[in-house]
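The following block contains the structure, expressed as structure tokens.
Here the chain labels run A, B, C, D, E and F in written order, and each chain numbers its own residues starting at 1.
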């Protein structure tokens, strides 16, 4: 089993805000992340698949195809978007935290992988914070 | 003359949108950057000052003081903000492009530097784009 | 289970030196790392915790709290310190190698994590060397 | 068990080309990677070993020795080489993809590790693609 | 005057080899860079233009247009190429060193810039070597 | 005129401490940098030379020779050293700040450059601080 990782990038706005809470509660829990006028990030997405390299091509999966798939299914929707408002696969009731995003991206991308398995979704939000999900 | 650079970071939302233009014109010129719901970036700010190192301390300027000054005057206002709406030193009539931001940050920071000169404001918006201003 | 990683940084001096050995033995084993006058590094610390994202906040753990905890318990003691002399949780009898540091940081930090589990301590000593510990 | 990683770098040329296929088939599958005149990369190699830190030295393995071993066995052969033509441990029948390279480097390096175990070979081909192999 | 930099990347093979010299002379001067079977690099290209930001758009030049121009004129030709054999604007008599490449890229790109001036071509060949040209 | 930069790295200990001052004064000015037991950094040194590329080799200066020269004259002395105690070209009366180090490295290296000119010494102390000197 060999693991292949493709990195893609997107830039997006978001805020952390629980509608059921007062502004004070949101500020107490989320701090500056609750700014009602939004803030944003350059996100770096790592998609890792696993499988046996094809004996002819040496590919677990063609990295160009993997890149195109990630763009079609995930980053074309996320790039230059508002993560709270614009993305069909992010439920309005969920906070767009890095932790929730790796779960959502996993479930969105997994059905589209044919000849290899999805192993990990990793998302870096700033140079100091990232989340990972391995499917369970 | 020795040049000293301090790097600070901030995360912000913005959009590029000329109010005098139609939505179609804005989309034609600014592409995805004109998303009405905003997008955002992790910005990296480089502030370069110049002067002679103090014979006693060896400092052109104390880098801790420079860091604190940049935070007080610039990045505390920009971090987790909306650059179009939230920042007193960004005029509403100006697009918050990287080019305009280096000009605005220069003029905001310069009056606060005492014993050394401001040499350059550099701002990195993504891993592929940055702007620089040297005061003229 | 989602994994959340917070990165913190500290700068420290150290040397590798076994008191029971002669200067020649220390030089033979540790090379330049045994310089009696010390050398130092910019260390990058990765702390990974795991858990289920809270349904309300979307957090495995609040990254700001995790950052503050790492600073209080670990990096405020390590930053601008001498790792052989200054740090209460580094036994004088142990070499402050990257491998020993990840073990020591794990045991120092673990008791302070409440609603999620510590998964990994990773410490980067130079751009070419890092160590990881997963608790067993 | 502590994991120690040493990073080494090499620069090499290669192409992806199945001799049994026509030029059209190679272009259809491998795209620009099939340029008959070669292209190349700066590769970054991560070698991770695991073991218990020696109670005296604090080393899982001396990182200088690990570096020297990787150079002797692997990167002195790969650096400034043509991966399709010049390297004794890369079979001519195999495509020098990142996936195949981590398998080949694993099997080449493993027999030379004495007092600790090889845990992972990771190879980064561009800033967006890497492969990993854990021995099974 | 504000400076705007766009970064693009390409991967290429090359060798350093003076046809008028013997293999021994080439090896003596160029070392492993003279491997007759080529080697290669991931190149990072920084293109800096300068001008006044447009009062309406805030752009010195639209960074998307600059990116597309660099791709059309420069990196589509260089990416996955052999720099000694495949590129129309690299004379066969010139060594494809980083120094010569910045000169050649400057002269190739400059005529295509309309409303702003080319300021600098910077090319990074490895994590340790880069060259810059400012037009004189 | 083309500019060629070679990057080298070294790890060292230092402290900032004016002997004529009390411990309180040193702490007030230098903060944690005045820890009497030292601290340290991974330093990154950028040496930029300028000249015309040789018509035969395409080199402003052979980057391998430049690397070897920097090692012989500068980084072999600085690596794994104590900058206050161990380095012949750092006067004991000067603080080993980044600003003073670029001045000292410039004057140490310049006499050894023959067929090209030294243009800039840049030294990065942490991921957030660097100094530059251009010879005047």
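Convention: a residue touches a chain if its C-beta (ideal position, glycine included) is under 8 Å from a C-beta of that chain, and two chains touch if they have at least 3 such contacts.
Given the structure is predicted, the values throughout are model-derived calculations rather than measurements.
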item: Set of chains whose contacts include both chain D and chain C; value: A
item: Same or different residue numbers at the chain B/chain E copy interface, by half rule; value: different
item: Farthest-lying chain, centroid of Cα atoms versus that of chain D; value: B
item: From the options C-D, D-E or C-F, the pair that copies A-C, where over half of the contact pairs coincide; value: C-D
item: Pair with more cross-chain C-beta pairs in contact, given B-F and D-E; value: D-E
item: Turn needed to bring chain A onto chain D - CA fit, degrees, nearest 5; value: 120
item: Rounded Å distance, chain A centre to chain B centre (Cα mean); value: 28
item: Centroid spacing, where centroids are CA-atom means, of chain A and chain E in whole angstrom; value: 34
item: Separation of mean Cα positions, chain E and chain C [Å, integer]; value: 41
item: For chain B, residues contacting two or more additional chains; value: 127
item: In contact (per the touch rule at the top): chain pairs; value: A-B, A-C, A-D, B-E, B-F, C-D, C-F, D-E, E-F
item: Parts of chain A lying in touch with chain B, wherever the complex brings them together; value: 9, 11-14, 32-33, 35, 37-42, 79-82, 85-86, 126-127
item: List of chain D residues in touch with chain A within their complex; value: 16, 18, 29-31, 94-100, 102-103, 127-134, 136
item: For the chain A and chain D complex, residues of the former touching the latter; value: 1-8, 53, 56-60, 62-64, 67
